[in-house]
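Structures given as structure tokens follow.
You will see chain A twice below: alongside chain B first, and alongside chain C after that.
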Partner chain A sequence: MDKPSGLLVRSHCVGTTAVVYASDYLNKLTGERIERECRRQLNCGCRALVIDFSDTKLVNSIGISILLGIIDVAEKNGAKIAFSDVNSQTVQLFEMLGLTRHVVLAKDEREALLTLSGFETTPIVH
Partner chain B sequence: MNKAGSSQNFRRVLAQVDPSEFIGRAAQLERIVAHATDESARRGMLGLMEPAAGVSELLRQAYDRIFNQQTEVIPIYFEFTRNDTTAVSAAIEFLNTFLQQYLAFRNDDPSILHATLTLRDIVARASMQDQQWIEALVERYNELRFGKNDRELVRFCLGAPQRIPKERGRPFIMLDGAQLAQYLNGAVPLGTEVLRVFGRGTVSYVLAGLRRQILEAVRDAECNVNSFEYLHLRQLEIIEATLLVEQMAHRQQVEISEMARDLLVQQFGGSPFFINMFLQTARKKAVNVKSKLDCGDLYVAELFGGHLHSYFENLLEEISPRLNTRLRLIAVLWDAVSGKDAISSVETWAQRLNIDAGELAEMLPRLHMYEFINWDGRYIQTGTEPQTWKDYLRIRYQLDVENKPRALVYGEVLSDVLKRAQPTKHSAQVNLGKIVSRFNCQQVPEVLFDYAKFSLNYKGEEPETIASSLDAETEFELPQTVYVANCSSFKIELPPIVDDEHCVIARTFKERRYSDAQEVVWFVACLHEKDAVAVNVATAGKWCERFKALGSELKFHHYQIWLISNSGFTDEALAVLKDYEAFSSDSQQLELLTSRVGETPRDPMVHHSEPSEFRLEMPFGEDNELVAAGTVEQIARRLPFRPDAINQIKMAIVEACINVFEHSFSPDQKISQRFRLESDRLVVTISSRGIVPTNLNGANSRSDTTEAAEARRGYGLILIRSLMDEVEFEPVDDGTSLRMTKYLRDTAS
Partner chain C sequence: MELSTQKLIHTFGALADLGQEIAGRGDFTEMVRTSMHLLLGTLALRRGAVAECVESELRSVASWGVTDQIFKELSISCEEKQEFHTGQVSDFLISSSPGSSNFVNRYRQKFAQEEIALILPMIVRDEITGVVLLGRKASGEEFSPDDFETVHAMVRHIGVGIHTHRLLEQVAERAEENRRLYEELRTIYRATVRSFAAAIDAKDKYTQGHSERVGRYSEIIAREMGWSEDEVEGIQIAGYLHDVGKLVVDRDIINAPYNINAKESSELNRHPAAGYEILAPINHPYADIPLMAKYHHERLDGRGYPEGLRDEQIPIGAKIVSLADSFDAMTTDRPYRRRRSFEDVVRDLRENSGTQFDGKVVAAFARALLKEVKGESKERRITKMLGKDYLQDENVAMLLADLITDLTAVGSAARSYK
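Right after this comes the complex of A and B.
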């Protein structure tokens, strides 16, 4: 399990699914760190991504545009992607900007992993 | 910031503004109050006012302070007005005012000041202890009033305060001669009589008015010039004038932008009188001054036919009552101030004005008194007049003498006013106090404080070369500034030769360590030598000595002198500065320093302007949008917004700030925010002085992300429009202002 500190992003892998943890404020700087980590995980052979927002209080529009970039990259790599533990305010923003059309929203990390692993289970959407 | 007094437990008696809003005259106010309360100070104080520098409110503030103290000192304030047609009528008015104010003070009842009382009423309302002397005073007055000796009556009325019995208190007379007309009808010159009466009495007093008029009255009254204390009242320093405009605009409920504010300060040269007049007009006309154009337009309209016009018109009429002569005078004055005849002989003027020696002898002292000219008996010189007067003269000359079309003149003057207000005029030295206040342990090139080395290595180099070479220079760690004040706040009387100079004193600590050993007081002066010559050895030596003396007087153990000059220093001056271990910089060094200091300003400051309005100014970057979001959350909670509405507002603010950070080219790298709470809404206005590209959807973003990511940018505005009820962009000077409104909704909806 990778657990870097400082400028790097916390992440770990469950099988072929990488779980990447977003920080408390998702802006350009922290968004780009997540993007790099997601690309790294995909390059290492991961087939699915979970971005966990349990620590995230606020996502700004630059953060959202970076998330859209990650969704693009994941799609191009044939990887599934889920967002877990997103607060209601952020869900509202994602809906406004259409992110929810491209991504699964899960209640928590466990549910996201479950959804992505089987993909038969209907994800619980906030 | 230079504010006078506290408004706590304070009744406003005569003052027109709250003490906390009285800007720029704190040192002078303290001196007047100290003069009043010092029992041993039996001599007079002369307030020497530069024209339009304002004195009335200063005296009224002093009055209120003394009135509220309710000690044995009895304040008496009297304003000579232009309505006084003779010295006798002015003196009678003085007697009435004195008695009424005495009664108000003794009863500790300000309402008496506003009552209409006859002398008989005053006698009737006087206490037992006062009745006898007041009755005797009124009786004697009635005898003199119907006599034939005007001079005796004037002296009696002016001398009335001396009749207060010792045990009933000590009068302190404040005579406001800002509008004192020396040349009243009749034979008694009032200013001279005032000085004769008070100069020979034992009552403490202040006589304040136009400096040349007051000094002339001193001469005429044959007073000993050394027997007075002098109080100089010049135009406000730029920092204080800026504050005054902000305060006054707020009080008058006039919206004003920073650029308009700066233009106003520049245009009026820091004159509180003109600034007040202008903003009152803006209020009356319900005009907001949101841009340089708004400001310039109202200014020119005022000069064409507003209060400014009437002010100068009245003065010109007083100086030259006959219309034909007045028109010729306007032509002569305009030629003089526009540089054609900056120095002329009295004979030349007499010839051009086509008037006899007697009429000229009446006109010249008046022009000299208002400082429209400098007249030494033989020659007349111009060149130091305020800009407003020059603009007025130009208009009058072009309209009345050249008969140019009004629209043409209006347009020409307006465009010249706007051209004068280019941002380059907003030079770094203008904000000296602000620059020093931003010192916060930044590392800066040492050479920026060493003019000799800088001029040797960098003079004539391209700015880009200088900027890159400076990075290789030895670094110097600035201290952290904890307090900055103008020199006048420390009671430093600046000599007349440094009228236009800027001077601040800053308390700082090295390395943010708050101990005696680390405390250093910075004495900073910005010198403007005339004709762009370098500061010479005499000036440098004088300033160093002045600061050294001040450091010793105020017991500053460690101090640092820093002199700044637009045109540098002579070698001899630099040698002197070395002896004092003083720093030296020219305007280019200061500009470079400003840009470096400006990059890392101190923590953002929140100014509370009124209970329902808040202002926040903060630097770009460092996730500062979160500071704004936190602030707006606290403010929004004052209205019954639902939690999700508050979150939406926060998010919109974050996006608006990011938009500014991303797209603004603001030179000061600052973002201004105003939050206004109304009964049913919160209005947030965000602005920056930088030029925001018209394409606000992010196409011109400076970020270096990939094209695809770039293409997705622009969500910020979509979000703002979705989250707020009203969103409006408004071009302002050199930038854009974004106004966002969120309305309260019923919980049900």
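Right after this comes the complex of A and C.
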């Protein structure tokens, strides 16, 4: 698994599903990094995306907009998308704004991977 | 937390971020892009774009999920812009049946293809500066009256941000234009002064180019002394004009300075004060030019003219021009004598430092020349003015180094005159 660094987004692939880890505060800077990483994974052939929010405490408006963009890109690529390990406050926000209509919310990464189809057991580390 | 409270907190957070973004002085496109994201994220709108009105065209500044192609196909007439002032919000909702907005009606199909749900104008001081295209809400819900209030407020903010940025751009353009005009004026001023210097020198057939050289020597000394570019330019001008007072002195007296009687000598010595009178009424872009002309024949020991000032009473600029003037006089041929050897000139400078010349000024000039002799400076300006044969003596560098050492060790000998 990649180590997180100042400019890199932590991610790994499980089969054709990419797991991308959001940082503690999802704002413009970090949101754009995640978006780039998601686009990269989709361009590399991933058919499903899991965005893991286990480190994320707060998502602001820009973060919401960028997540909607990721959802849009995923849909256009025919890829499924799940959000995992989202804290209760952020879940409320996603529900209030209607993001949950477009993504699967999973308790954790494992549940997200199980929920999404195309699950493979051999991890591919980027 | 209650849903309405959470929504308020989310909206307030976005408004606060928007205010900060618009008040910032960052990149314009980035500001608009961030503002657009804040707007879209507040209501979780799936796509959107911000476009500026440039006459009848709409130019995309930022877009998210909307293709830029659409803007190439859009145009807006003056009448259609007016509709934004008078129309109801429902007129600008794409999902509604045709309303009173011709602009929306004309492009309804294109907007629908791009999944645009609402068009809002950016109005600043009654002028449509642009439009914001907004997609549907991720929740699938229709826009509520509260949503309209929120997006209206945010769009107004963005409009003001764009307007302010454009104003600042115009101010910057004007400032740049003024800077260019000022630079042109300075160039014209310098050219005029140089022509004037040539006219001064033309009066004395044996000192052709003298004022020009004094200007250059003065500039070199001032730069060596660490003066600012503006000050250096100022003293160069003072050098060009230091002898302007000679214009009022009889040509015969100027051309025969060693064959004149006491009355004529007094007439010749009047030229610094006359120069001051000529230059003082002119509003020069640099300080103290008239004073530098007036006092360029003053000496540190008080034996100069016109006022017999001593050392610190003499402006430093006048001391520089004085040295430049004397150096040029010593190193150019005159009808009544050949120019002096460099060794002789250095001896003169050493002996008269502290009495006639300021030692610090002489040292600075010697440093500048030494750098040229040793090839340490990019240009060889002094040596060029002196002519290629003048500094052939292999001892030149040593003479200059010794002079600098002596002047530095002794300090300003003028102190003994205080």
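As a working rule, the second predicted complex is superposed on the first by the 113 of 126 C-alpha atoms of A that agree within 3 Å, B and C clash if a C-alpha of one lies under 4 Å from a C-alpha of the other, contacts with A are read in each partner's own complex, and residues count from 1 in each chain.
Assume a residue touches a chain if its C-beta (ideal position, glycine included) is under 8 Å from a C-beta of that chain, and two chains touch if they have at least 3 such contacts.
All figures in this text were calculated on a predicted structure; none of them were measured in a lab.
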Simultaneous placement of chain C and chain B on chain A, clash or fit: clash
First (chain B), second (chain C), both or neither touched by A:Thr16: neither
Partner chain in contact with A:Tyr25 - chain B first, chain C second, else both or neither: first
Touched partner set for A:Arg101, first chain B, second chain C, both or neither: second
Touched partner set for A:Asn77, first chain B, second chain C, both or neither: neither
Where chain C runs into chain B (options 79-87, 151-159, 187-195 or 367-375): 151-159
Chain A residues contacted in one complex by chain B, in the other by chain C: 28, 60-62, 64-66, 68-69, 72, 89, 92-93, 96-97
Contact footprint of chain B on chain A as seen in their complex: 25, 27-28, 32, 58, 60-62, 64-66, 68-69, 72, 88-89, 92-93, 96-97
Residue numbers on chain C that touch chain A, as the complex places them: 1, 3, 6-7, 10, 13-14, 17, 34, 36-47, 64-65, 137-141
Contact footprint of chain A on chain B as seen in their complex: 623, 625-626, 629, 644, 647, 650-651, 654-655, 658, 703, 705-706, 708-709, 712-713, 715-716, 718-719, 722
Residues of chain A defined as touching chain C within the complex: 28, 60-66, 68-69, 71-72, 89, 92-93, 96-99, 101-102
